[in-house]
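Here chain A shows up in two complexes: once beside chain B, once beside chain C.
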Partner chain A sequence: MCGLCGELAKAPFRRSKKLVPKETFFLWLDSLRKKYKLIGPVKVGSQTVFKKLNSSKELFMEYESTMFSPGKLFIYKPKEDLLRFSINDEIAIDEIPPISEKQVIIGVHPCDTNAILYLDKIFLGAYKDPYYDVRRKNTIIISLNCTKVSLNCFCSSVGAGPFLKAEAGYDMLLTDFEDKYLIEIKSRRAEELFNIKGKRVGASELRLKSEKEKSLLSSFKKTINVEGLDELFMKNIEHPVWQYTAEERCLSCSNCVMVCPTCFCYDIVDETSMDLKTVRRFRHLDACQDIRFAEVYGGNFRQRRAARLRQFVSHKLNQTSQYGVLGTVGCGRCITWCPTGIDLTEIAKEIQKS
Partner chain B sequence: MEKPRLGFFKYSCCAGCEFQFMYFQKHIIESITSFDIVYARMLKRGGNPHGPFDIALVEGTITESWQVDELKKIREQSKQLFAIGSCAIDGGIPAIKSTMPELEAEKKVYKDLSTIHSIRPHSVDAYIKVDGYIRGCPPGERDLHEALASVLTGKKPAFLQYSVCVECKLKGNICVLVAYNMPCMGPVTNAGCGALCPSMNRACYSCFGPMKQANGPALARKFRLMGLSREDIIRKFTEFGADTIEFRRVIETYED
Partner chain C sequence: MNQLKPLKARIKDIKLEAEDVKTYILSIEGSFAAIPGQFNMVGYPGVGEAPISFSSIVRNKCFEHTIKAVGRVTGFLNGLKKWDKLLIRGPYGRGWPVNHVKGRDILLIAGGVGLAPIRPVVQMILAKRELFGDVSLIYGAKNEKNALFMNEFDEWGKGISLHLTVDEVIQHPPVSRLGKGGNKGGWKHNVGLVTDLLDKIRIKPENTFAFICGPEIMMRFICRGLLMMGIAQSQLYVSLERRMKCGIAHCGHCQHFGLFVCKDGPVFSYDEVRGLPDGLL
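The block that comes next holds the complex of A and B.
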């Protein structure tokens, strides 16, 4: 368990469940705006984007998927200033403290919630990333069980959706009940914050909830059997699927990595001012599909495109030894946003066939 | 400390890179004042084109044989030499003609060929070794800054070596290729522009040229599926990268 989950779990609270009219819920949400920055899914043209809200009226809770996951936009930032230093007679370091604005992210799907729990393992594990840590602590996550299954979703195959099973690490869980939400309290701070009285949830509502889940589970088009993939991938390092997919379709553009909610690699860059007096150090998302990613003095571990493609796919599907869980949450973004539609589940199936 | 001696050389091109360099000093004055400008024809009269130089910047495509001779001499006289702009790096606009025999190209443009001494256009690194590429048309300020600051500090410059998609995603743009079906060249184009066109809801047209090992044929197949004609695909891949291995593979596939 990560450090943060541990802290959150320590405080006792009642895991209450309530049925609340959507109208009431959104009024409550708007009342949070005085103290919190509200973030949620908003329709922009034909797309949905997680962004800052001025009012809950902007929300588009029926969205299917977004290009970027909320966790990799608002908790783990794509780009972040770390420090500046000036070079005069001495070197003076001016650290940029982590920003700690309080925020509420609403409408986080199960896959994206699980992705945040995965990022926790990296940034709050053996070494605590102060930037991630402070933002994670100041973020209230209101998850939302799915109402639709997109073409590329395969969360049901990896246990990450379409209904959220995790019990800790986030604050509230919503399930759509037509004009109401079934609201489940998952943290002490949510219990304190959510002071709305709702209808008590009985056995019939819980039955309805599991029926909703069942009907969603039957509408998945994409599936993958992840059992034994660890070993299978290791045995098939030189499988032809890597070479021909890389040659015929992979553009090495890194779109898969950039939209992946669990890809966590970053690069640190120093930018020297032209008067050579100040240096700005920042980090930004890095991508293993870039040719210089595995370049070291004297060589490159992944000079071949096929090796880079394999790196991404196997990090998602086989390296459970790294953090004890699969690297994928089955959101399907890497399939949707790949310009040539490379599908990691198809690659896995090719390997399983042989 | 003595200022590094800088030479700026121009071959077949619009001189936009040198103007970009001049413009750059408007907000970073040290880019000019930190250097001893020994030779830069757009910046000042006269000057000494023979060197030696601490840093030489070479813009333009090589399209005449005297340019080759001069370029080799500059290389020998320069501690560091950077190719600047798409013409010098990838052949750029002047290399569009490399898709046809040289004489045919000449005949298309000139009536009297007696004074024309052109050769098949090539990038600067076809003739000499370069220490880095300041990509773009005009060059991106980030890489220009990196090159100049690296010479001043004596470090190895770290130029961007990934696709426009990475910059585009870092900016949080919605992908115009996937979401809006625009024939965007971003996936095969080297970064450095800050994803300027996709940020304005336009498809990238690869003015920064191909990134290393870019998979041109795979993107061309995607364009074909999107309904682009063979001619359109060839045009997209010849506009700035006709002299590059990455894009030539596409041109050869789709040529009649």
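The block that comes next holds the complex of A and C.
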């Protein structure tokens, strides 16, 4: 368990469940705007984007998927200033502390909530990333069970959705009940913050919730069988699927990595001022699909495009010894945004055929 | 604590070790401890950082890094002078299991600048020689100009047995391999690949542990050779090199099929890394 979940779990609270009219819920949400930055899914053209809200009326809660996950936009930032150096007679080192306002992210789907729990393992493990840590603590996550299944969703195959099973590490869970939300309190701070009474949830509502889940589960088009996949991958390290997929289709464009809610790699860059006196050191997202990613003096451990494709796919479906969980949450973004439609579930099926 | 914030270290002295290779003797304010096989992220503002192993044990807040100028960061460091400052972060990673091999025979095998991370092990063994069994160092360099720490070999030779080789001697025309006659141009040791020297040593396989550092392709053949000699793969340790940006298992660059070389390594037992994709072991 990560440090944060541990902290959140320590304080006892009632895991209450309430049925609240949507109207009431959104009024409550708007009242938070005095103290919190509100972030949620908003329709922009043909896309839905997680962005800052001026009013809950902007929300588009029926969205299917977004290009970027909220966790990698508002908790683990795509770009972060780290240090500033001034070089005169002495080198002066200034830390750039994280600027973090209190924020509420609403409408986080189960896949993306699980992705944040995955990022916790990386940035709140043995070494804590102070930027991630502060933002994570200052972020209230209101998750939302799905009402639709998109073409590329396969969360049901990897235990990450369409209904959220995690019990900790986020604050509230919403399930759509037509004109109401079934609201489940998952943290002490949510219990304190959510002062709306609502109707107590009984057995019939819980039955309805699980019926909703069941009907969604039957509508998944994309599936993957991860049973025994680890061993099968290792036995087929040089399976031809890597070579021909890389040669025929992969462009090494890194779209898959950029839209992946669990891909965490970053590069650190120094930017020197024109007078050579100050240096800004920042980090930004990096991708294992870039040819320089694993380059060292005298060689490159992933020179071949096939090796780079295999690194991405196997890091999602395989390599589970790293954190004890799958690297994928089944959101399907890498499939949606691949310009040539490379599909990791299809790659897995090719390997399983052999 | 922000692990990405570096500390300033002062260059107390610089020793030219070989072509493009210098040893930087660094001092740091405040307490500092590291074990052989660990590394620092060493760098300079505007240039960046690179992972560099300790080439000495830490004594009185002083330690050494032996660096070959091959890239942007190391090339820049090569131009620094005595009393200049540079930036370090660390120590990071899992080092050599020196305490685990007390009382055992030890084979230290290095190629090229791979001798740098082995040197603090030699220093530790020489300081407490009685705690270890037979210790041999097998070292191979491209040529005699590329061999590191040669002025220390006489001292080392008093406590451990040394087997040195160069791929070729450059001072004179090419010579026959492993010095079967021919002119070795003043080079008193062997000529040939480091793997060839395995035939020259006698070991008790069940009591022997090997620490190996060098190009990955060299380590591959050394490990295969040692397995043939009967040493269990769990008794072979290798130090891996990968690109790194953070040193703390965050940036993802050094990932080696689920392992973070910076945190889980850089020292691994051979059975942990043998046969992994995108590696040569």
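Here is the rule we go by: the second predicted complex is superposed on the first by the 354 of 354 C-alpha atoms of A that agree within 3 Å, B and C clash if a C-alpha of one lies under 4 Å from a C-alpha of the other, contacts with A are read in each partner's own complex, and residues count from 1 in each chain.
Here, a contact is a pair of C-beta atoms (placed from the backbone, for glycine too) under 8 Å apart; a residue touches a chain by one contact, two chains touch by 3 or more.
Bear in mind the structure is a predicted one, so any value in this text is a computation, not a measurement.
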Chain B versus chain C as contact partner of A:D290, first or second or both or neither: first
Partner chain(s) touched by A:M258 [first = chain B, second = chain C, both, neither]: first
Chain B versus chain C as contact partner of A:T272, first or second or both or neither: both
Chain B versus chain C as contact partner of A:S46, first or second or both or neither: first
Touched partner set for A:P339, first chain B, second chain C, both or neither: first
Touching both chain C and chain B, counted on chain A across the two superposed complexes: 269, 272, 276
Chain C-touching residues of chain A, taken from the complex the two chains share: 82-83, 85, 87, 90-91, 93, 95, 122-123, 125-127, 129-130, 237, 264-270, 272, 276, 279, 281, 283, 286, 288, 293-298, 301-302, 307, 310-311, 314-315, 318-322
Touching residues on chain B, where the partner in the complex is chain A: 28, 30-31, 34, 145, 148-149, 152-153, 158, 161-163, 165-166, 169-170, 172, 174-175, 177-180, 186-188, 211-215, 218-219, 221-222
Of chain A, residues touching chain B in the complex: 44-47, 49, 67-68, 73, 78-79, 247-255, 258-259, 269, 271-276, 284-285, 287, 290-292, 305, 336-340
Residues of chain C that touch chain A when the two form their complex: 1-6, 8, 45-49, 68, 70-71, 74, 85, 87, 215, 241-243, 245-246, 248-253, 255-260, 263, 277-279
